[in-house]
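This report concerns only the one structure given below.
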Amino acid sequence: MTPLMPDHALEIIELNKAFGGLRVTQDVSLKIRQGERRLIIGPNGAGKTTLFNQISGDMRPNSGKIKLFGADVTTLAPYRRAHLGLSRTYQIITLFAGDTLEHNVTLGLLGLLPSRWQMWRPLSFYRNLASEARRTLDTVGLLHLADHPISEIAYGEKRRVELAMALAQKPRVLLLDEPLAGLSNSERTTVKSLIASIPRETTVIMIEHDMDTALDLAETVTLLNYGRVIVDGERDAVIADERTREVYLGD
Amino acid sequence: MHAPLGARSQMQFWIIQGLNSLSLGGLLFLLSSGFSLIFGLMRLANLTHGAFFMLGTYFAAVAMRTYTGLNIWVTALGAGLVVAAIGGLFERLVLTRLKTNPLGQVLVTLGMSFIISDACLVLWGGDSIPVPTPHNLQAPTRLFGFVFPTYRLVLVGCAVATAIALYLLMDRTRLGAMIRAGVDDRQMARAVGIPVSNLFTIVFCLGAGIAGAGGVLGGPILSAYPGLDADMLPLALIVVILGGIGSLLGAFVGSFIIGFVYTFGTALFPELAYIILFLPMIFVIAFRPQGLFGRVGA
Amino acid sequence: MKWIASALFAVLLLSLPFFAGDFYINLASQILIAAIFALSLNLLVGFGGMTSLGHASYLGVAAYFSALLTSRYGFGHGAAALISIAGTIAMAAFFGTIALRATGLGFLMITLALSQVLWGLAYRMSNVTNGDNGIAGLTRPAPFGISLDSAGAFYWFALIVASFAFLMMAIFVSSSFGSSLKGVRDQPRRMAALGFNPWMIRWITFIYAGFWGGVSGLLFVYYNKYIHPTSLSITSSAEALLGVIAGGTGTLGGPVVGATLVLLLKNYASAYIERWNMLLGLVFLFIVLVMPTGIVPGLSKLATRFRK
């Protein structure tokens, strides 16, 4: 009797995507275990965000499979993947600028709840949502700004709100698209420690363009270039690999 | 219309319907090619387009009845230039101020269409004014023993000629290349130094002008009447939705599909004409929302 | 301060038939009907971010259904109203599935095309709809046996319906569904990533807006005792859109103010100027060029500046 293998948190099998003649994802295969901290790196145009978009469902691959805890999600709509435990942040800030921080995180909580379809009770009626939202803001150190509109806070604080929204849903797999981009040194330290403190129940996959900044958060690293996986494995092995040097220092 | 006797009369009837379909298709192309161009480049649903067409028809009706010898081609050219000028002024004075407000742009084109249609009502009254068919084209053509209204044949020819001219413009001239670049990627086109705002004015004038000329050429078939703009605009919309936004080929094919569907539909089921009209559009939207020839995400 | 003003306003509304003449009471009824229609459209435009130029369809369909069922097929008003609303909802559901294949300008064009088709049908199918003659000689309902034929009685009826509509829409907008609607308006991709189904949210809103449009259509046909294809026309949809945008789409009060203005303009303008359409067009141009966010936001900005 073969023992039951636990499903990988995320499994990508020979994924391919092309825009006309331009192949942005070429035969990409990845296996990410539950609780892993994976960093995806590569120069600009390597296809990192495109890969994320296919994982989250914002783009459809031309061929290949994506499996979330064993379930085939390749053609599943993005909102359904959220219900399977997938969460992501974006390179560009996509918060609700006119609303307060609390409202933003509340929306993050609401997305998975059946009460999101309620039409005859004011949202403020759900006090537990508001307190849960404030608690989440507290974990990222932004409780004092909870009633401020997003438009009034600093860029680094907005990044933390994005993280709060993604974490509020207690996701099983979290995709972070360049979470440290554009941050000052002190902001970067804050966000990095937040990422480091994410519980093990959540598998974290991060894209960073700048290798050095996020390296100490990663356990495993995947190097992409021209849409292909070049190197893939334990962090130190990938750093030491010849090919990594080539990609970043060559051409 | 019940054909009275004989297979030949039946054939004649259906051939006439076929020709009517072609000429309606041609007319629709003259109407919607400009609309498609404007939408493709400027991302603007120009709701004034029906009114531009109607201006041309009124122009023809009034001019050709006042100067009875007036050549329809000259009239079409004149109307085209006048309507193009009106369009250009409107674009320069109003539309350019609303670059960041696409909804506003749509609303002002709607407002403009009300102004134009009401002005026509004031100037030329509520009765329908027929446009005379040119003398040399009044006699029917005899081909293969069947009789064809000559003018309708000519109209199809005009549409084809316009399609060819537009194709050559888009494909072979520098202006066309700039327009295509602007349609594909506005930011990039600006970045390479293409004067996009001037292009906008040129394309808007071109679109309006073709509509005006088309109105003249459609005059003998449609006549000028208040409400012509409201009748034509949804047809342009349906053609462009069917054929695909920004695609001239789509506008061409879509026009003739609608021409056939509408003509035969009205002949067979007169009361359901409007439903029949929008069936192709529904099918396309359901199964291929970018239209037959449009690009995804246009 | 706000409470006193609101209370006074409510008293004014309730007591209007006691001190105003029939002309003004009727005008007020028309304003109430236009307000419901504008509010229903604003669910789409302001809160949903979906600009529709075909909203008159729902007003017109409900009105025609009611007119035909009562005058030609001998239905009582109660049953006719239920069937009309059911029909309007079904139509909104169907039109919604077509129109929501697109967003933005595509959506606008499709709603316009669909409503023009209905308008054309109303004109062409004259053996059913009486075409250009419209359907006249209709009656008003008599709920619980109370006649609505007097100006005052109809006004109170309209006031009750309008108040209910306003309340329901206010709750809708502040509910969790309403918040998700506004979220989808602002950041649809983000909302999908959070687990919200953008299409379903838009579609349900579309139907709900159609429902209230239908309600305003019933009031419309009861008030006028007459229905004509013009009520389904682009002009009708455009007037409603103008009212919503002129008043300000972001609030509930804005569309009401805007609809009132458009109605007053129409009533007075048509007394002095024959060219209502041209005036409407010019007003469109003026509002869009000069006051793009609308009157109510403009005024409230002035008020805040005043206080400082």
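Every chain is named by a letter (A, B and C) in the order it is written, and numbering of its residues begins at 1.
We take it that a residue touches a chain if its C-beta (ideal position, glycine included) is under 8 Å from a C-beta of that chain, and two chains touch if they have at least 3 such contacts.
What you see is a predicted model, and the numbers here were worked out from it, not measured in a lab.
K.L.:
With chain centres defined as mean CA positions, report which chain is farthest from chain C.
P.N.:
Most distant chain from chain C: A.
K.L.:
Could you compare the number of C-beta pairs in contact for B-C with that for A-C and name the larger?
P.N.:
Taking the two pairs in turn, the one with more contacts turns out to be B-C.
K.L.:
So how far apart, in whole Å, are chain A and chain B when each is placed at the average of its C-alpha atoms?
P.N.:
49
K.L.:
How many angstrom lie between the centres of chain B and chain C, each centre taken as the mean Cα position?
P.N.:
32
K.L.:
Chain A to chain C: how many Å between their CA centres?
P.N.:
43
K.L.:
Which residues of chain B touch chain C once you look at their complex with the stated criterion?
P.N.:
Answer in residue numbers: 39, 43-45, 47, 94, 97-98, 101-104, 106-108, 110-115, 117-119, 121-122, 230, 233-234, 237-238, 240-241, 245, 270-271, 273-275, 277-278, 281-282, 285-286, 289.
K.L.:
Flag every residue of chain C that touches chain B in the complex, lowest number first.
P.N.:
Checking each residue of chain C against chain B gives 51, 53, 98, 101-102, 104-106, 108-110, 112-114, 116-117, 120-121, 124-125, 127, 233-235, 238, 241-242, 245, 275, 277-278, 280-285, 288-289, 292.
K.L.:
State the interface residues of chain A toward chain C in the complex, per the touch definition above.
P.N.:
My answer: residues 56-58, 77-79, 82-83, 87-88, 90, 94-98, 103, 106-108, 110-112, 115-124, 126, 165, 169.
K.L.:
Can you check the complex and tell me which residues of chain C touch chain A?
P.N.:
168, 171-172, 174-180, 183, 186-187, 189-198, 208
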